[in-house]
Structure formats: C-alpha cells, structure tokens
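Here come two complexes built around chain A, the first alongside chain B, the second alongside chain C.
After this line comes the complex of A and B, so read on.
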C-alpha cells in the first residue's frame, strides 16, 4: 500500500514539477504572499450567483420540456442543431436549439454594451477546428459536455462521477503540456465585421426558426431527445441571459479546475460548485432527483468509456483554452478562433451521428470507442507538436 | 507589485516569470483579472515592468493605479 502511495507521489511530482517548483518559489517570498488572491469579494459573489442561476435555469428548462438532466448541454445542443440543418440524419436528435443562439447573442450584446467586443483571431484556427471536433466526439461518448456532466451529477446520475474523474485527468494532461511550453501562437486584431459573422449567422438561424421552420429538420415529439424542448421563447431568453452573464463572469467549466491547479485560485471553481449545488436543490424541489447508476436519463453505465470520453473532452478543452460553453461566449465577443472551434464542435456532432460514434442509453459503440482512442492520439499529437517541435526548430 | 504583464500564451508567462526572477525582480503568476480583460489566461504581476525588454510573447503591460489600469505597452495588432 505504501509503495502504491509512494509511486503515485513520484508520478505526480514528475508530471507537475514545473508547477510544484513555481509554487515553492512563490511561497518563499513573503512579499508576494497574499497577492495570489486576485479576485475581489464582489467578483466571487458574482460568479457564485451566476453559477447558481445556471443551475436554477437548467432545471427550469427541464421543467419546461428539455430532456432530463439536460437543461443545458452545449455538445448535445450543437449536435441537435447539426441535425436540424441536415448535417446528420439521426431523426431522434434534430432541433435548432434556441439556447445556443441565445448564448452567442447574449455574449455578443453584453460585449458590445461593455465595449469589450474585439474581433481577433488567427491563432491556429484549423488546429482549433480539429480539437473542437474531437472534444465533441469525447462529449458524445460520455453523452454530455462538461456543463451537462455537472447537471447529471446534480440530478443523481452516478455515471457522471466517472466522467468527472476522466475530465479532471484530461485537464491535468492539458496542464502538463501548458507548463512545458504548449501554445497555439498569438491572436491578431481583425476587422469588426469579421468578428460579427457568427453572431449574424445565429440571427439568421433564429429568423429561419421563427419564419420558415419547414426548411429545418425536427424530431417529432416523443421520438427522441430532439423532440423534448422548452418553448422557443423560454429557451431563447434563458440562453440570452446566461450568455450575457457568462460573458460578464468568464464562467468556464475547465477554468475552475485549471486555475485551482495552476494558481490555487478557486473563484471559477466557485461557479462550478454553485451550479452543482443549485441544480441539486432545484432537482430535489422539482422531484427530479434520482440517485443511482442504472436507468439514468440519456446516459450509459460503462464507467471506463464515460471516463475516457471526458478525458478526451477535458484534455482538448485545456488545449483550446476553455470548455464548449466558453467557446460559444468567446465567439460572441468577436473571437473568430472560438467561432472556428464552435464549427468544429458542430462538425464533430454531425460526424458522431453519421458514423455511429455517439453512445446511447445502451452504451458506447465499437466505432465510438475507436473514435475516442483516435481522438486521444490526435489530441496528444497536437499537444506534442505545439509544445516541443517549435522549440527544436528554434 | 504594481504592474501586470499579460501574454499570448501560458508558457510565455511562465518563461517571463523565470527570467524576471533570475534578473532579481519578484514576480508571480496569476489569472488575468476580469476587470483588465474579458479573455482568460495567465498573467504575471511584478514590481518592475519590463518596459525596455518587451518580448513577442507579451500582449500588454499595465500599471495598477488607484483609478484602474494604465496601459504602458501594447503589442502591435493585438
């Protein structure tokens, strides 16, 4: 037993030596002590409040018709949107989710209002597309993005614990490369219209959804998750409000764990915890709380592949600089690299259903397992190339 | 510790911190403050600004004042 513990200690020290060394240096300096706490009480209160609101709104969306434990799921909603646009033909998951439109436009208007809208991009867009693609594959292996993972935990879905374990491991893998030099290179200022392209597309999709829904593909009521949805106006308003607040607070499911590991900065983690607690309380009040591993809505019980799916997602998200929710928010405030990532997530969702890669309640598919293994290899390769190769060329 | 330097990458921040400490200037890594930028990332807080030696990896250097942040340097086209 002692040997096992010692082996684990050595493993983590080797993996995180740059970080550990950094921490030791920081603690040596009395002058620096105390300045690590960078967030004001107001900021912490704000992010905890927004996290709590996300939890409440998510359960309300389920109450109004969204699939169980899926008030928000960025990967699933982008997959549904891909289906609505005919990018995949799985009839059970086709709906142009107004939440996605709302999140991007909410961030867009908040950024404009606060004069923070800044069109920028050019930081390895194609690499980001590929990373986004495989993050979607990982999420659809687990059946949920990091946000839905928290909502599943709050609903009592024990399988999400495997997902959380994999997610944390994925983030640690990403941090290893960050500390050893990983970079997708700098961003550059772009023209204002360039940054508005994705928000304009979202406006056009909203117009299409309202005025010509016959042009889109929709899952029939009761025929699958795509058929379960809250009324359009409620979904849109929920997205708009949370998009604006997420832009204001930089809420991100990855940043909470990443910043805690890197800096012992737990502000963002507070948002993560607030979502979990508020959604848990709301699920209890609404009688949605259903603890256990079997019979959970839109999930499977294969622990290994739940973990590996979220490992891929967490790893990819750290390399991208944020979770799928954060990518939507950044794309709303003019970041075209994040807009390309959103397109990668959309493409990944479409591929997952065109080629039978997505899991179902019955469990993961063989093709899906192969895709996750390939995804892990590709993400590792991207991490190595962007960490070590430039230095050698140097 | 009156200056904040932001970077285009996390590693740029780590590298600068090491070099700056080697040069005898205290520095710490921290997340970019929200009221400085809506982007998330890593920055370095230091008491002596690297105004004479801004590298390609630096996005901006700001001074922390009672009124807020005073920009001292900003990379071209950023």
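After this line comes the complex of A and C, so read on.
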C-alpha cells in the first residue's frame, strides 16, 4: 500500500516537475509570481485559441460563399451594409452583412453575461467619428481592414505585405503621440438605454433582413463581392460566436503590435499570429492557398498605396484605441464612443463609393489617393491637437 | 525607493492610456501606487503591467470602479 502511494507521489512529481521545482526553491513572493504567471499563461492559451478559431471560421465563411480572403473584413462589411441601406449606390457592394450584426450582438450578450456591460461615452465623439471615417478610407484604399490584411497574408496575397509594412508604420506614428500624452479625454457614465442603442439598431436590421429583404439593396449573385456571401444563419452564428469570444479576450489587431512596442507585452500579438497561422493552414487544406502578387482576389498591386492606405488605418486605429473589429466589440459592451466610431466607419465606406475613393482590382483612383493624403493630414492634426495643446486641469 | 504612496486617477481613460500613466508614474520609484480605474480592461492591463514590473497587486472593487494597490515587494 505504502509503495503504491509512493509510486503515485513520484509519478505526480515527475508530471508536475516544473511546478514542484518552483515549490522547492522559494520565497513567498516567488510563489505568488508563480500563480500570476499561471493566470497569464491561461490568458495566452485563450487568446491563441480564439485567434486560431477566427482563422478557421474565416476560411469556413469563404468556403460557404463569402468573397475570397474575406471571411471577415469589418471595413468591407460596413461598406456593404452602407450599400444595402442605400447610403451608396455602387451595385457591386451592397449586402447587409449578418457578421456585423452578430459581432455586435455577440459582444453585447457576452458583456451582459459577464456583468461587463457598461454604458459609457463622451470621450471626444465627433473626433472619433472623423477618425473612423478616415480609417475606412484608408482600409478601402488597401481593400481590407487589419483583420482582412491578416487573412490576405494567410491566403498568399503578397500585396498585403505592403499593407502590413504601412500598418506597422501607422501604429508607430500613433505610439509616438501616445508616448507624448495623446488622449481623447475621459469617458463618462451614460444611462443604460443609451448604451443599448446600437445593439437595438442591429436587432432591428436583423429583423429587416429576415422579414423584408426586398426593402434593402442587394448585389445580385455574380455581380460583385456583395453578391458573394455565406448563408445568413451561418454568417450570423459566426459573428455571434466570434463577437462573444472577442469580447472575452479583447482581441484587437492593433493592440498586439502596439502593446508589444509600448510595453513588450506580447499576449495580444499571439492572437494576431494565431489568426495568421490557422487561416494559412486552413487555406492550404481547402486549396485556397495561392501565393503571389498579381491576380489576387479583391486586391491591387500598387505597393505604395497599399502601404499608405494601411498607414492611415493603423495610425487612426491607434488614436481610436482599437481596430475596427474592436470598435464593434466595444460598441456591443455599451461604449457609445465606439458606436459613433462604427457610424464613422459606415459613413467612410459610403463616401468612398459615392466619390470614387475606394480602390478596385484595377488599382487605386486619383480621388482615392487625394483622400488618403487628406486623411493623413487630418489624422496628424487630430493627434497633434490632442497631444500638444495644453489641457485644462480637472 | 521612496516610502510614499502615489495616487493616480485613470477613471474614464481607455487603454492603453492607464498603462502609459502607470508606466510614467513608476519612473519615480515609489514603494506603493494606488490607481483607480473604471473598466475591467484597464484593470487587467494595469495589473499585468505592474506584475511584470515586480509589483504585488491587490484589487478592490467599489461600485463598478476598481482600486488597484501596487506594492513593490522588498527583495
């Protein structure tokens, strides 16, 4: 009997050797640090797991009908939504994307369940609207939000490398201002109903989509990216699940690189990497992997403007505190500033198509280039004003 | 290391601003910092940063706000 117990003890000691070794060495604070390390390890597993799931679901959505390398693209999907609501008339990109509705509502329910729903706002909403607007312009120059940039890379689209380079540069610009005291000022508590306005609008849009789709503008099948979409229920569920998980893990495409540069904190970067790797593997398995620069789906080969578009997007996103995906998630948590940002993204998407600013497979337009340059100037101005203009105390 | 408590108010600020605030404050090498934040994201991020800097962190929740007390362990 004694021998049995002894064997078990040895067995467990071997199994948990790293832990046992720590226990044998140590002071109280080391032990505490040990438990803290374990909790941050758990967090890293969680974020890597969710990142991997985002990659898998994105490729599945393409498999079920979404445009190539576009399982998710927040900028494109908001642009399609703007089209469906008649805010722009480009017939090729009109569809009320259920993924957007799902992401916001998934986050909303998860936040309610975790008692993290908090209606807040008042941190320079108009400035955020303008930033959201120009982030959309930058994304539509590149043809994808930061999430689609990762998915494009995972699909073999070499043009996204230019985008990534610009994106990192944009984040570095934003970090410069953050380090010098950039702030859009404090948020304040709002009433509960105020925080639920955007989620309720999303529910109404869903009702409209299900019961009266004839009222909306939809791209006909085969007539453009808006015509390519997964079945409604699949899109909605994908959005709901990932919205909930993104709320739980705070997944953000900008925060990964930003926090690594600012604090050498790489937890969020792990999510970024996990999406890239898992989407890459899934693309290989589904035979979607198609490496190269030319002939890539829904992209153009103008390296400079791919980079400048994402520079504008990355810069703007750092000033906003998160990528377009994160803005959707925050708006579901009751953050009305993020809800205003989402409206800015929507307006930017509509403008981009009303005034020919969005690129196409043929390349960027002259008007689009001008808009990106103006966007960079405006974002710089916003950054300077909110960093260097002296603030009143209080 | 100074034997004082430095208090910081990061209510209403969204990440990464509270973390930048604590990082700047920690340059003054106080023994203890007390920071009030009002959202779980800031609570998690500030806690993680302070722990990486070798501070012990305790969190008290008061009516939707969190008071983080960060103390450098005497090593």
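To be clear about the criterion, the second predicted complex is superposed on the first by the 351 of 394 C-alpha atoms of A that agree within 3 Å, B and C clash if a C-alpha of one lies under 4 Å from a C-alpha of the other, contacts with A are read in each partner's own complex, and residues count from 1 in each chain.
In this text, a contact is a pair of C-beta atoms (placed from the backbone, for glycine too) under 8 Å apart; a residue touches a chain by one contact, two chains touch by 3 or more.
Just so it is clear, the model here is predicted, and its values are computed rather than measured.
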(request) For A:223, decide between first (touching chain B), second (touching chain C), both and neither. (result) neither
(request) In the overlay, answer first, second, both or neither for which of chain B and chain C A:116 touches. (result) both
(request) Using the touch definition from the top, say if A:169 reaches chain B (first), chain C (second), both or neither. (result) neither
(request) Quick one: name whichever of chain B and chain C touches more residues of chain A. (result) B
(request) Determine, under the contact definition given at the top, whether A:232 touches first (chain B), second (chain C), both, or neither. (result) neither
(message) Quick one: is A:250 in contact with chain B, with chain C, with both, or with neither? Answer first, second, both or neither.
(response) both
(message) Under the stated touch criterion, which partner chain does A:262 make contact with: chain B (first), chain C (second), both, or neither?
(response) both
(request) Mind working out whether A:206 is in touch with chain B, chain C, both or neither, as first, second, both or neither? (result) neither
(message) Per the contact definition in the header, classify A:91: touching chain B only (first), chain C only (second), both, or neither.
(response) neither
(message) Let me test your reading of the model: by the given contact rule, A:186 touches which partner, first (chain B), second (chain C), both or neither?
(response) both
(request) Jot down the residues of chain A that show up as touching in both complexes, chain B in one and chain C in the other. (result) 29, 32, 36, 116, 120, 123, 178-179, 183, 185-188, 250, 255, 259, 262-263, 265, 267, 321
(message) List the residues on chain B that touch chain A in their complex, please.
(response) 1, 8-12, 14, 17, 21, 26, 28-31, 33-34, 38-42, 45, 56-57, 59, 75, 77-78
(request) Note which residues of chain A are touching chain B in the complex, please. (result) 18, 22, 25-26, 29, 31-32, 35-36, 38-39, 43, 111, 114, 116, 120, 123, 178-189, 247, 249-250, 252, 255, 259, 262-263, 265, 267-268, 321-322, 326, 330, 333, 335
(message) Can you tell me which positions in chain C touch chain A when the two form their complex?
(response) 11-17, 19-20, 23, 39-41, 44, 48-49, 51-52, 56, 64, 73, 75
(request) Show which residues of chain A lie in contact with chain C when the two form their complex. (result) 29, 32-33, 36, 40, 116, 118, 120, 123, 178-179, 183, 185-188, 250, 255, 258-259, 262-263, 265, 267, 321
